[in-house]
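A single structure is presented below for examination.
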Amino acid sequence: MMKIMVIHGPNLNLLGTRETDIYGSLKLKEINNSLKVLAKELGVNISIYQSNHEGEIVDLIQNAGDYSAIIINPAAYTHTSIAIRDAIAAVKTPAIEVHLSNIYSREKFRHKSVIAPVALGQISGFGPEGYMLALRAAAHISNAKKNRPKKKTS
Amino acid sequence: MMKIMVIHGPNLNLLGTRETDIYGSLKLKEINNSLKVLAKELGVNISIYQSNHEGEIVDLIQNAGDYSAIIINPAAYTHTSIAIRDAIAAVKTPAIEVHLSNIYSREKFRHKSVIAPVALGQISGFGPEGYMLALRAAAHISNAKKNRPKKKTS
Amino acid sequence: MMKIMVIHGPNLNLLGTRETDIYGSLKLKEINNSLKVLAKELGVNISIYQSNHEGEIVDLIQNAGDYSAIIINPAAYTHTSIAIRDAIAAVKTPAIEVHLSNIYSREKFRHKSVIAPVALGQISGFGPEGYMLALRAAAHISNAKKNRPKKKTS
Amino acid sequence: MMKIMVIHGPNLNLLGTRETDIYGSLKLKEINNSLKVLAKELGVNISIYQSNHEGEIVDLIQNAGDYSAIIINPAAYTHTSIAIRDAIAAVKTPAIEVHLSNIYSREKFRHKSVIAPVALGQISGFGPEGYMLALRAAAHISNAKKNRPKKKTS
Amino acid sequence: MMKIMVIHGPNLNLLGTRETDIYGSLKLKEINNSLKVLAKELGVNISIYQSNHEGEIVDLIQNAGDYSAIIINPAAYTHTSIAIRDAIAAVKTPAIEVHLSNIYSREKFRHKSVIAPVALGQISGFGPEGYMLALRAAAHISNAKKNRPKKKTS
Amino acid sequence: MMKIMVIHGPNLNLLGTRETDIYGSLKLKEINNSLKVLAKELGVNISIYQSNHEGEIVDLIQNAGDYSAIIINPAAYTHTSIAIRDAIAAVKTPAIEVHLSNIYSREKFRHKSVIAPVALGQISGFGPEGYMLALRAAAHISNAKKNRPKKKTS
Amino acid sequence: MMKIMVIHGPNLNLLGTRETDIYGSLKLKEINNSLKVLAKELGVNISIYQSNHEGEIVDLIQNAGDYSAIIINPAAYTHTSIAIRDAIAAVKTPAIEVHLSNIYSREKFRHKSVIAPVALGQISGFGPEGYMLALRAAAHISNAKKNRPKKKTS
Amino acid sequence: MMKIMVIHGPNLNLLGTRETDIYGSLKLKEINNSLKVLAKELGVNISIYQSNHEGEIVDLIQNAGDYSAIIINPAAYTHTSIAIRDAIAAVKTPAIEVHLSNIYSREKFRHKSVIAPVALGQISGFGPEGYMLALRAAAHISNAKKNRPKKKTS
Amino acid sequence: MMKIMVIHGPNLNLLGTRETDIYGSLKLKEINNSLKVLAKELGVNISIYQSNHEGEIVDLIQNAGDYSAIIINPAAYTHTSIAIRDAIAAVKTPAIEVHLSNIYSREKFRHKSVIAPVALGQISGFGPEGYMLALRAAAHISNAKKNRPKKKTS
Amino acid sequence: MMKIMVIHGPNLNLLGTRETDIYGSLKLKEINNSLKVLAKELGVNISIYQSNHEGEIVDLIQNAGDYSAIIINPAAYTHTSIAIRDAIAAVKTPAIEVHLSNIYSREKFRHKSVIAPVALGQISGFGPEGYMLALRAAAHISNAKKNRPKKKTS
Amino acid sequence: MMKIMVIHGPNLNLLGTRETDIYGSLKLKEINNSLKVLAKELGVNISIYQSNHEGEIVDLIQNAGDYSAIIINPAAYTHTSIAIRDAIAAVKTPAIEVHLSNIYSREKFRHKSVIAPVALGQISGFGPEGYMLALRAAAHISNAKKNRPKKKTS
Amino acid sequence: MMKIMVIHGPNLNLLGTRETDIYGSLKLKEINNSLKVLAKELGVNISIYQSNHEGEIVDLIQNAGDYSAIIINPAAYTHTSIAIRDAIAAVKTPAIEVHLSNIYSREKFRHKSVIAPVALGQISGFGPEGYMLALRAAAHISNAKKNRPKKKTS
């Protein structure tokens, strides 16, 4: 059975309590439950992690070798973490970058993702639904592997 | 029945014949057919347009008043057309920006979208599947309208 | 009788319905009517056009040879259209640039006009009244032609 | 009776003698006379000041509390004086920024006005006629106060 | 017989009447006549177009599939049109970029061509003679096709 | 008889042996021979030089007083040598800048020529054929001297 | 009793041994003792932490929910940690940013704090005394809560 | 008895009446009274000045030779006045920079202080309380003079 | 008899007491005495002024109409005062800019003079001797007026 | 016996499996073995660490007090970690920065090392051999300590 | 026997006499002697050159065809010489860039090497010992040639 | 007897024939004669050189060890030659930088001198008289050596 790793970056554990005008009122647990429901429906296996530590996220990605895809919301590390970028570029598993808010309509420093150039694709601005779209995309990619364009490194 | 407008920007009419290493070998017609199949499945009505003319795209968007959502791949105009941006900001219909390739792993001038800040969200890098994700997102938004966060103008 | 051309750029046809907090609730037709009333009062002849197409605006300007002045609100094209700039520099008719909103208190990309350096002058921030001021300025210029400073090209 | 304050910034006292190819040969006194004639015609009361001192201009603006509008040509201070900007933002009276020459066709450092974002509007490039347009605009604003959009602070 | 497409961009229809100090006093028609004479001499077939519309130029390039070369003076669109750039990159026909004036001795914004990176080569500063050089280059390339270096896309 | 000076800049003596994917496999001697053949055909006299030394190139240009034109490929000095630029600006002989490769599709630092603003024109991207086009242009200019636009200094 | 959290960022554990010309010779322990003495005097309860790990600092801030204020010297993370910024913006507790040295008279990269825009205020350059001022400010804020201006998020 | 000079920069005389959402509703006189009360408590002597004139502020600082410290809120001059910076660097008295609002959460041009590099320290964002903190800091510095780190000039 | 105006800018009244490692230990009075001695020797009349007020310096320059030259050390205003620049450009008297220290070996913001482009020339880095050189230059210019190159305005 | 600490930064544990075209096929363990062999030969004692966590690397460096030198390959943290930079500046042990690949021929963001200014020296581009060169350099430095230039802090 | 070329760039002939606080007190001759001793030990043949002339250095590199490696300290030309860069890229011999001082802790313009992207590797900051490390690296590379990664051109 | 070296940079040998509107009609020989006359008058010995070769100018400066001062007009090399800068910094002789034209009123790239930070001072804009002022300054410095501020290196 196809395995997919989901990584929530720093401060996402506060979801639903924090700046609800930007991030919505759904709690992380509720999003995770929706993901599990959809995973079942799509017939995939998901493992979900959250960490505030850049190093831990690097460790997680390094262990994603036997997963079909990584879904990652790097949150604050989106804009600065070359370590996460390098980890994604180092492992073979394709990564899908998700952002709850539309990062392009926020502060200027949030417009630039250092992760995006090594991700397979990016989904931003759809709130929790973005994770569901990412899960569908991950399932689609894994099924369609033969026709998939190669992931670019730089 | 919910209506969704799909707009393909300049040069997308060449899809499948042009730079297939970047854009894949599927023709635009085939993508449109897949969109129609999924639209039927989701129970939505879609109208699909392609234009190489910035002004025509502005005209199209101005007429999207009674649609539930716009799915737009602004292609080359992504990076320069404030006229398209202003048209999206002017109409009430939420817009979803789609890119076939991962624009963040290409030339530097493609990293910046002037459309993104006024779009509801952006999906990039998933090839033709990106349109399908956008269609699902559009259907989801329209159904969930009450809880949807407001579109930001700047 | 002195002839003056008025050109409204992209999305101005939506005036009064679009982002009324920025652009006010007056419709374009109402502004045009006020312009006609004032034109009569000042004894000048005006022709009014609106287009969402950059190329059409270039065509219009190229045909302004026997007009005394052009009043142009280039809207979104203000910030990017070198084609419109070149058309204004190519014809002999002096151009007056008008903006409804104060472009200098909006998004950063709206602060820069590529048209301004070849315009005779610029009026911004006065809402519909700005067109009236422009019409008075145009009439004044045409009457005072002998003392008018030369239009600079770059 | 409606009162309007007119402030001429540094070096404008030399008008008509200084760089006449840029600023024209009219003396400041002649412009002031024209302003007084038009003010009478429009039924408004004007007070006219000139100063080379940034601090004095700040003092003048602080005392404009019971005026309907300020017409200011900040000249050289246009590009650097945050003190004048802050004074305009601090008082309630709307300010109209006037420039004799087209500042956008001159040296690059003259393209940026730090005053403009807090002014109601800007008129540039029409020579002495620019003051007349500003006076008309000021009279118009005061009459139309109810419908006037709020002045933005930043 | 070898076919070559010539595209004149916006405002070039005014040639000979517009800013003759920069662009010379030859009319576009006269240049086209010289091109036809030389084409005959070189034994090639030329089709000549002029348009002020970016979208029309994109359309023209998309139809250049069975031409041996495109000679294009993108004029104002040189500096901003990614749509024209993408059209050139999409078709197989090599493109030669021509400018009448030396764009590197004019305003700073004219120094940057977004077309150049996808063109085979660029000729600028030779006035109408530049088109003749381009035609010779086009004929030479087509004849020497086997040894020609590949066109780069980015 | 009309005299034309040809100057090959640094490292061009390695042509045909160096980075043949960028510069082609023709040796400098072969290009020089082709130039001599064409010169004969056009009835002009050419003197050809190559140097790796910036100062020597400046010396050469200073001695071009009685030549009708200079054809120069400044190679690496294109991007940094104000001394060569000043020498060209100082002598009366018009200069034509040639580049074998398309410098606009290479590393960013090669996009900027400090020579171009004082050259009559620039030809880039046509390989050895670029020198032939330059020679034709030089012959044309010398013949058409009366109508030639003045060389700009800055 | 009012509770205040004090967080010392990376390398502050070396205080008094490290670069004493910049940071002074007082050890962290001595500063903490002074803080405790002043806390007692002001009748507030303080908890003091030090960490070299960005993730741990994020964890600490997330747990500051029932504190009246956070006093934080983010040290090296001041200039790069969006994760710490987001944690501060996410919790309700107002944060006071302290720097021992005057960061504006040091290397350029230290002039920019990504934390400052979400902090209530910043105190820099007063050495260990800065912490004492911050503690007084924290006590003052908590007492004066009703009149306190809202913390801005961006 | 220790003497401390307090300088309020341009527009601070309007405090309590101007933009109260940013600066609070306390009048300058009330802040000055609080300062005097605290000064008495701390056993120091304070002289308080306000000026809208850059030159006057320079004059004041030049006369601070026999004061123990200067507390200065340079307001608008914070961002541009090298004259005030040079005056502070020229006199021996240490200067403490105070800002009522958090200048780092406001417009971008307010993020940069040209005064800060020559000040002893900076306190920003605490409203009127910032002056009280500055007064305590000034008193502390004067008492602790022997251990005080040297003021840096650049 | 030829008249020359000498203007010392802000903080120069502190000379000899202020930052003597940068500016030397000579007092302004001593420099002025040396200037008077040399003036006598050269047979010119000098008037010497010092001011910390930008507006006063503008006033002084405006009154230099019947002087042969202005020698000005704009000090801190060198880098920001467009008002002083415009005053110099407005009057006919040529201005010589003097700096005691080498402004190009100090902080980066001191490298840029907004005055220099409108000055006749600049002398920097020679300490008090720089004023003597300037006085000789001024005397030389006045004597050699006929051959003097025109002062450039921008 | 002289002690040397070797620190491998994030993702270096994947060496030999990750992007072997850039980093080579040698595993980290093999490099470490070579280092131990050379250490023995040079008569020095080495301790080797690897971590993906910035904070752990800071901790390691803080404990390097009784080592003669640190050899560090900061990998991804090279470009962003001011915390690691400050830790190196804080301890007395000289640090040698090593990079396997030539960071100057890779993506632009890898060209800038924030560590380099506080390192003793940098070795990049020699693959695993770079560590051997660093070890020799470390041994040399420790032996030659008396003549060693002081490590610079900024 | 393996041959290695060593090139010392401009001003290195002054070594030991010039700015000894930056470059140390060893003379170039002494470094060359150490290099010869080590070369003998490693069994390689070295030829050593010094030149202040950019063109001569280009000539030297062009003649390095039958050498196994070039060791080059480009000194001042490091930051500007594209001619030297192109020469290195043109020849087949791998180049090792050496700097005596740590160029990353000096003036900003010294941080950028235009040579580095085409060098095999760079060694900086180790004083004369850097040449010894480079010689060892050169010997190692030549021995290990089969496994050596390809030199990149851009 | 005091010795002074005068170095004229590239293209100055063309003086009086080249761009006489910028550089005047005096030939280099005439300037040199005036210098010799003044040298005699001041009782100093001068040696005058001109070169178009950067390397030769470096050689000249390296040999200026027993001169009291260098007067150098680096011409085009002013803006790019770090080699000349380093040579000046390396020798003990103070250097005076001279420019005939006012480099601050010309093209932007001429505003920046890489030589200035290591020169004692700079004189620009006075035409040939600038050399005379420099010679006086050189003589003055040498006489006043004891009080001379130290030459800064960076």
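Going by the order they are written in, the chains are A, B, C, D, E, F, G, H, I, J, K and L; count residues from 1 in each one.
Methods note: contacts are C-beta pairs under 8 Å (C-beta built on N, C-alpha and C of every residue); 3 or more make two chains touch, one makes a residue touch a chain.
Model, not experiment: these values are computed from the prediction.
> Does C-E or C-D have more contacting C-beta pairs?
Looking at contacts between chains, C-D has the larger number.
> Check A-B, H-I or C-E against I-L and flag the pair whose interface repeats it, over half of the contact pairs matching by residue number.
Residue-number overlap above half with I-L among A-B, H-I or C-E: A-B.
> Go ahead and note the Å separation of the Cα centroids belonging to subunit C and subunit H.
Centre-to-centre distance between subunit C and subunit H: 48 Å.
> Can you check how far apart subunit D and subunit K are, centre to centre, with Cα atoms defining each centre and the answer in Å?
Measuring from centre to centre gives 63 Å for this pair.
> Could you work out how far the Cα centre of subunit A sits from that of subunit D, in whole Å?
So the centre of subunit A lies 54 Å away from the centre of subunit D.
> Using the touch definition from the top, which residues of subunit L touch two or more other chains?
Touching at least two other chains: 53-56, 80, 154.
> Where on subunit I does subunit D make contact in their complex?
53-56, 58-59, 62, 80-83, 85-87, 89-91, 114, 153-154
> Can you tell me which positions in subunit H touch subunit G when the two form their complex?
My answer: residues 21, 24, 102, 104-105, 111-113, 116-127, 129-130, 132-133, 136-137, 140-141, 144, 147, 149, 152, 154.
> Where on subunit D is subunit I touching in the complex?
So the residues of subunit D in touch with subunit I come to 10-11, 13-14, 17-19, 51-56, 75-77, 79-80, 106-107, 109.
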